[in-house]
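Next up: some structures, all given as structure tokens.
Two complexes, one shared chain (subunit A), two partners (subunit B, subunit C).
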Partner chain A sequence: MDNRSELDGKVSDGVTAGSAPLISVRNICLSYGNFRALTDVSVDFFPGELVGLVGDNGAGKTTLIRILSGIIAPDSGEVYFDGQRITRFYPKLAIALGVESIQQTIGLCDNLSVTRNYFLGRELVRRIFGLRFLAKKEMRDICAKVVRDFGLREGIDVEDEISLLSGGEKQTFKIARAVSFRNRVIIMDEPTNHLSVRERGRVNELAVQLKQQGLLVIYITHDIFQIHRIADRIVILENGRKVADVLRDAMSAEELEEIIRHGGVGPRVP
Partner chain B sequence: MHRFFRRTDIGILIGCIFIFILFSLWNHDQWFNWYTFTSISRYTAILGLLAIGQTFVILIREIDLSVGSVYGAIGIAFISLEHQLSVPLSAFLALLFALTIGLINAVIVIHGRLSSMIVTLGGLFFYRGLVYVSTHGGVSGPPREARLDWFNQLLGGHWFRVENGFLLLLLVALLSGVLLYHMPFGNHLLALGGNSASAESQGVPVNRVRIWAFMICSLFAGLSAIATLANDPQTSVSLGTGLELESIAAVVVGGTLLTGGRGTILGTVLGAFFFTAVRSEMIAFGAPPSWYTSFVGIALLLVVTLNTVLSKRLTAG
Partner chain C sequence: MNPLSFVRRHPETATIALVALISCLFVALTRGQWLSVGNLQSLLRLAAVLAIMSFGEAIVIATGEIDISVGSTFGIGALTFLGLAPVAGSGLAVIAALVSGILIGSINGIFVALIGLPSLIVTLGTLFLFQGIAYAMTYGFSFAATDAVRQQLVYQAIGGSTLAGLNPAILWAIGILVGLQLLIFETSLGNRILAVGGDAISSYSRGVNVRKLKFGVFVLSGVLAAFSGGLEAAYIGYADGSFGALMELSAIAAAVLGGCHLSGGRISLVGTLMGAFLLCGIQSFLIILGFQPQWYILALGVIVVLASLVDRSLGRLIMKKLG
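Up next is the complex of A and B:
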């Protein structure tokens, strides 16, 4: 316990100075039946920051981002977005606020074309006699431009089914989509799983670019070494509790790994 | 060109052309005449309307086993109402009843977290039972004025020797195709069928789409019943029995995948035509009607296999 508060002490006091948090999570608890997925978790997230959210399986990372993307509501505790308390949790609200999560398995419909996936849920329409028709040409042109700008492989036809893209291309595409709809928060849930080394580098590069453009990037992973290279701050969850919240420069990847290995009550921090 | 061959309805298109040529060569006199085409178009319209509705539900990876009973219940409601109300009003109320049934099906599926197969199987028995109970096993046919009413004459009549019911099918197919492929609702529906979690994560109102799909399905079943009865007033309380499976067979043969997200309205209409044409030809040859049932099974397997083989070969190449 002492250790935890000590780690917390090093925290983001430095980061908070001067800027208000974009997302503030206060004393969140959530249980699935008897299983306590999150216990009293408080974290602040700031714009222009790349935060690594790390922890073993079942640590509560995914539950936390499910709350942030409006899929489930916490049992207790508060969530503030841009200073406003969020009282109802539903995906549409998260999207409206500009929070987009990029998950490994979710986000694309394989049966739809690249263009239809790009505009899914926010289709451009043309009104004819008051009826809303898809503005297919505009959508195709915009999507083709984004696909080009994000350096996806030449020769991708945006009218083809998205299932023709490789895993890395799909991830890049999801990021491209999230960015071009002027989102403010991009949550990346294990974005580099099952990707080749080169594709992984490309996705991480994109994450850093987004942060530099002033977006808040929350990057979920259990690869501490990978995230230590790119994150500004690292938050470690363990068994549903926050056990560390430290600036990247304050600790080495090895020290952070020790914390995870010892379930958060690891070796003394120098 | 490649994309053309990836269409799910390519198998049924080939199938329909094949039987059309086969029947024309093999049994030219009985097949290639207006009388046969008229009778085929009439039944294609009935089955096609039901199957188009079923397509919406199958595209979202659900199924509606209640359409045969809904068809019967709406038909009987329409005929019974004609005794007291004007024909257009009877049709309007009957269709409203159909929409309500679709809504109930969807709400039970969504909020009861039950499989649509179970819910609509319940519906199959319940609505058929409702017909028996409310009519005590029999209804009297529509009054003479109702038969001569402009509404029944319009739906049941013909235009330049083409059955109006068939024109209604074409109109409904066209509108459904536009809704499905040219409007945001269709994009949401296909996304829901392809991957519901992804659709939801992008803000697609998945439950609203589900509700509409079931309502459209019941509505078209009701429309099919009204079009049938406008043309040919019947009072049998077993009206529409077995149509649910025939409609599913037409959808599947038409290339729509039971796993959702992929399919076309054109394929469904061709599927309905395919079964109807073959049935008509079997009757022409004097084959016992029971053979038709076996044929549906064989055709289903053949066309689905053909579809799978074609799409595999063409996507690989």
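Up next is the complex of A and C:
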């Protein structure tokens, strides 16, 4: 336990200086029935920062980002966005605040076309006789451009159902959608799953670019070595608890891996 | 466009082809009697009334739910209309009938969308509940339109007259079809209704209010069922407690025949209209040939099972070719 707080202490001093957190979670707890998914988790996230959220399966990473994107509400604890306390959690609010997330298993409706998926929840409309109809052509053109810019294969017709895309294409599409709307926070949950080695490199570059543009990027992954190369700070969750929150330069990837391997009781920080 | 993509984007294609084929068969087997003006007039009217109710069913199916209570909502709509028309006038009676549909739809919506119970169970319950109320309301007698009521413009406009040989119900069905077609396929609301049926959690994660939409489609289904009940009542001129019995099965069958997937997210309103026409066509065909009406129920069962088989095989074939 002592070790844990020591790691924690190492934290954010370097980062907090000069800027206020964009998102701040305080003492978050959440259980699914008897299973405690998150226990007393507190983290600050700052604008212009790339934070790696790392941990084993079942560590609570996905649960934490589902809270941040409004899909589920915590049982207890507080969440602040830009200093404002959030008391009701729903995705529409998160999107309105500028939090865009790329989730692993959810986010696409297989029955809808690529274009309709792209604009779901924020459809473009035009008025005809005072009634608001979908601006189909405009939506199609914008979506086609985004799909092209992100290098999806030529043959894709954005009017086709998204179910016709491969796993990797769907993943790329989700990333394209999240990035192309103006946002303040991008949350990526295992964004490189289903992707080829080259595509992985591109996603990681993109994450760094977004950070440089001043966005907060929260990047969830298993791969400590991959994230250690690009992140500014690394938060490790283990069994629903935060076990480390360290600046990248403070520890090597190997040391961080030790922490994960030993369930949070890592080597002593010099 | 690739013809397979076309069929996939327009699930009603198969139903339209089937309707054309079966119509020819019926004309041949009845030596043209099926195509007579008299038969077509009654067939189109029946199909129109069934279609309006089935449109509501189709939109509920679009969200991945089902509404079995439409049969008794149809009956309650008819009884409310005919019960109130002599005392309050046809105009107020129609409004009251629509309100009865909104109320039944809201009850379904509260239990399914807000409380989260399965729609199959909830609407089965409300089907029995309101059928029971309908029987109780009409115990020993039926509601009938008086001569004075039949003269009223509103009464005539909703089914108690003919326009150029056609019952107004047909025009209502076309108008409602156009409106709903625009709503479902040309507005953001429609996009979200389809999205909810395709993947409720994903659409929720994109900011769609799943509960509100599901509540809304049950209310819409209730209104349309009550309105079609009113149309039928105005045509026939009387209604009793058995009004609308088993109509829910025809409505679901019309939607399924029309290419609506019960799993949600993929529906066709034009196909649903065709499905309603096909079912009423079979009914009149059996009548012309002198079969007992009970055979219709048997035919209905066979057709629904066959249609879902064909639909699944066609869907798989297309995915295989396109995938």
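Throughout what follows, the second predicted complex is superposed on the first by the 266 of 270 C-alpha atoms of A that agree within 3 Å, B and C clash if a C-alpha of one lies under 4 Å from a C-alpha of the other, contacts with A are read in each partner's own complex, and residues count from 1 in each chain.
The working rule: contacts are C-beta pairs under 8 Å (C-beta built on N, C-alpha and C of every residue); 3 or more make two chains touch, one makes a residue touch a chain.
Keep in mind the model is a prediction, meaning the values are calculated, not measured.
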- request: Judging by the criteria at the top, classify the pair subunit B and subunit C on subunit A as clash or fit.
  value: clash
Message: Taking the superposition on A as described, I'd like to know which of subunit B and subunit C A:E123 touches: first, second, both or neither.
response: both
- prompt: Touching A:L108, do we find subunit B (first), subunit C (second), both, or neither?
  reply: both
- prompt: Touch check for A:P91: first (subunit B), second (subunit C), both, or neither?
  reply: both
- prompt: If you lay the two complexes on top of each other, which residues of subunit A touch subunit B in one and subunit C in the other?
  reply: 69, 71, 91-92, 95, 101, 103, 106-112, 116, 119-123, 125, 132-134, 136, 159-161
- prompt: Once bound in the complex, which stretches of subunit B touch subunit A?
  reply: 3, 6, 178, 182-184, 187-188, 190-191, 193-195, 197-205, 261-262
Query: Which positions of subunit C touch subunit A when the two form their complex?
result: 5, 8-9, 182, 186-188, 191-192, 194-195, 197-199, 201-209, 264-266, 322-323
Query: Can you list the residues on subunit A that touch subunit C in the complex?
result: 69, 71, 90-92, 95-96, 101, 103, 106-112, 116, 119-123, 125, 132-134, 136, 157, 159-161, 164
Touching residues (chain side subunit A, partner subunit B) in the complex: 69, 71, 91-92, 95, 101, 103, 105-112, 116, 119-123, 125, 131-134, 136, 159-161
